[in-house]
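Written out below as structure tokens is the structure these notes cover.
We just call them A, B, C and D in the order they show up, numbering each chain from 1.
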Amino acid sequence: MSEQNDAMVIAGKRYLSRLLVGTGKYKDMQETRLAIEASGAEIVTVAVRRTNIGQNPDEPNLLDIITPDKYTILPNTAGCYTAEDAVRTCRLARELMDGHDLVKLEVLGDQKTLYPNIVETIKATEILVKDGFKVMVYTNDDPIVAKQLEEMGCVAVMPLGSLIGSGLGILNPHNIKLIMEAANVPILVDAGVGTASDAAIAMEMGCEGVLMNTAIAGARNPILMASAMRKAIEAGREAFLAGRMPRKRYASASSPLEGIIG
Amino acid sequence: MSEQNDAMVIAGKRYLSRLLVGTGKYKDMQETRLAIEASGAEIVTVAVRRTNIGQNPDEPNLLDIITPDKYTILPNTAGCYTAEDAVRTCRLARELMDGHDLVKLEVLGDQKTLYPNIVETIKATEILVKDGFKVMVYTNDDPIVAKQLEEMGCVAVMPLGSLIGSGLGILNPHNIKLIMEAANVPILVDAGVGTASDAAIAMEMGCEGVLMNTAIAGARNPILMASAMRKAIEAGREAFLAGRMPRKRYASASSPLEGIIG
Amino acid sequence: MSEQNDAMVIAGKRYLSRLLVGTGKYKDMQETRLAIEASGAEIVTVAVRRTNIGQNPDEPNLLDIITPDKYTILPNTAGCYTAEDAVRTCRLARELMDGHDLVKLEVLGDQKTLYPNIVETIKATEILVKDGFKVMVYTNDDPIVAKQLEEMGCVAVMPLGSLIGSGLGILNPHNIKLIMEAANVPILVDAGVGTASDAAIAMEMGCEGVLMNTAIAGARNPILMASAMRKAIEAGREAFLAGRMPRKRYASASSPLEGIIG
Amino acid sequence: MSEQNDAMVIAGKRYLSRLLVGTGKYKDMQETRLAIEASGAEIVTVAVRRTNIGQNPDEPNLLDIITPDKYTILPNTAGCYTAEDAVRTCRLARELMDGHDLVKLEVLGDQKTLYPNIVETIKATEILVKDGFKVMVYTNDDPIVAKQLEEMGCVAVMPLGSLIGSGLGILNPHNIKLIMEAANVPILVDAGVGTASDAAIAMEMGCEGVLMNTAIAGARNPILMASAMRKAIEAGREAFLAGRMPRKRYASASSPLEGIIG
């Protein structure tokens, strides 16, 4: 396999970038645009409840800056705490975006942790899939739930690395690995990445991609961090494809260590 | 500070690449050359005791492939277990390379672990500095020893991440941080990097650079891994300069976590 | 609070031991008995589907060895993969044990990982609580699910440290802490403990207790390991009550480190 | 091997307790005494430069509280930054204690980190051994240095887990293992333990014992923490002797994980 032809395929579309980014928490639209450009992202997720993508016709529309001809726009349901709210939000987005049906579903458990509510997520998934949406679903790192969401028809499953906005990295790589081993759809790490190495680690584990927002927008220099993330994702992917050296207790060790993560 | 002007300075010379690579363990000279090119390295270290850099005039000379006009050649004393041997090896290199005085000193403790012998390393450093060498010194992660080697006149101090050839990454980032806090010369992580994220982590901690060999040469696809490492080093450096987001227990946490590493 | 009066209270009953043990995987009944005695456990969990507690009147009954007058017997639903099976198993146990209503509910997701199936676990919980059972529930480390199970009426919530039988310890202490912060019922770590320090870590985090089986039964010397676990649980509990020293970067550091775990 | 006969032997003397404690940082002599009693320690280390063991005949003498007939007193050279100072301190202790020759040597690198100065430690070791002292030596976690100190005649080698007073636990268990693999004298972890599980981990790795001070004296309730540490040391030792279960990725895994630490 050549790295030139290495692409991530989601809902039948090929992407050369495996970094998905959000649009929240930037200083202004200009910084948003520059950071997204520096990230090299091809998929940009937009919180429908917090961003004007046409709901308010008289105000600046994010889609004039991050244009659907250049980016795959991924409306998300951030801020929804029930299946009902999330479904309504996806339908609003589809309407505003002329039938666009690729969405990121997140149904949150509480405002303090922003941890997903799995019961409501499953409910919403069922309705959305039946309704013709292509659902990329944000979930916890439970391998049974991940498989169930895949079997319900999600086009990608996106377990958290750690809490949204925490920057703590991937707290339980073991579970992410279990999810990947069983999966037949792309697995992307969503939430928790704090710095470049976190993104590289996700890719080295074999994830198809990483979605992040605060790690870029919350850096001191978001545009430079966006560039760092782009390179980290590529580095991690290439390292995965290149096949890392075995871990050994020492150079002369006859048998390599078999680690939990690697 | 702009990342465009961001350079590593060693012994008065500026380098745009912060990745230093070795030449050992490759399949052949061709693979060595391609991997080094893919790594973007400007400094290439050569084990004088294992590589022909002119000792055997009738055999292929590595310096015809990795040429001193293109790369800064860094002769190293791999395979030396006493100060005496290491000093003799440096002098041989200087002679073979027309007075070249930048060397990487390593004096090893035993063949099993290849852990540095600090007592012999200090002895050799004293002699080499007095003899006019510019010494980049391989050492353990002891902050007191690192400071002592700096004060003796080394141009760079290079603590191990973990054992040579182990690929275990940086086992004690706390010590590397103590070394950097006290240092007035460049600190580079030498040995232990196993995959791209390990390199990124070293750079995110604020190291000036990383030296590696097995992580590239021992990968299934060394040339692709060299590319991964180049990007990982750049990603880690940019993330360091960009200033990562604070770690938080959860998004709504009022005060960020202050972690051991970050 | 004095450590003399320190007790774990579950379903209104006080226990001086915070170590709960299983009865599986021992060589014979004699080893089972000796290990349980050495562990000091007061609550012993029994897999109704794998253990004779009266289903087969002509075979040896575990309850003749581990007697209900000496131990609180905790029938569990190990081996159940649906809510229906788990409910039926609990009812069988209640019948065999003359109305005993304290049960450990586990509904598993698959045979490979033995990870809990949360959807089925929630279903079974609803039925069992309504049916008058006092349910100690095995669950993943999802803080939203844990809270939901508490609110449904479980008398204790028991998140996994890592997979049943893995011995990998607590892979995501961050989540266990989130669960404890929000809880009004006892939180016990169930599954994943591999050695004594894992048990101590669980208790130092503030868990009410730890349930284990393989860590004892799978040790080379189960009876000695049972003693180790008893001491580790007590050590961890006392350390929690004693209030550990602050973590510092170095002795002279003015401000302590605030770590993710501690 | 029966755990009943399990003893730590240092300089030819058998000890049933593997926990060594210091006397610094307590509120008063009464608390010191009670904590040491609760710890079950048989070896108590005393900083000669900070504690009156007879230097000031008119002031309270610690040895009247912690009496040499009940405890093995281990004078230490805390506060010494040169070999000369350390040697002088040991000689003073021997004189004050009627020829007592078991000492704990520590020569520190700086006041900020209290990291050992290995060069001076080696110098002092040479003099003290020649002078008839039985030297238990505090050192970094360098396996080559540890072996050298053993070969110079130390009766025990005591690598740090992390910095004195930091409470960060064992930062590099890999190195401690390398030290133990090569050792023919007892290896004890000295410095860095913060809570009970840290002590258990050291023992589970196979260390002969653990020396601590701040972890007990710096706890909110030192006497209860001393009890916790006693149990943790015993738990860790018993777990080591009992032989822990193998680590597995999941219960049904055919081959166990071989981890770096365990």
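Here is the rule we go by: contacts are C-beta pairs under 8 Å (C-beta built on N, C-alpha and C of every residue); 3 or more make two chains touch, one makes a residue touch a chain.
Chain-to-protein mapping (UniProt): A, B, C, D = Thiazole synthase.
Quick caveat: nothing in here was measured; it's all calculated off a predicted structure.
Counting steps between touching chains, the shortest path from chain B to chain D takes 1. Summarising the inter-chain layout, the chain whose CA centre lies farthest from the centre of chain B is C.
With centres defined as mean CA coordinates, chain B is found 35 Å away from chain A. Here the spacing of chain A and chain D, counted between their Cα centres, is 48 Å. Shared interface positions of chain D, i.e. residues touching 2 or more other chains, are given as 113, 168, 174, 178, 247, 249-250, 257, 260. Touching chain A in their complex are the following residues of chain C: 109-110, 113, 115-119, 122, 140, 142-145, 148, 162, 168, 171-172, 174-175, 178, 260.
The residues of chain C lying in touch with chain D in their complex are 3, 111-114, 163-168, 194-197, 199-201, 204, 214-215, 218-222, 224-225, 227-232, 234-239, 241-253, 257, 262.
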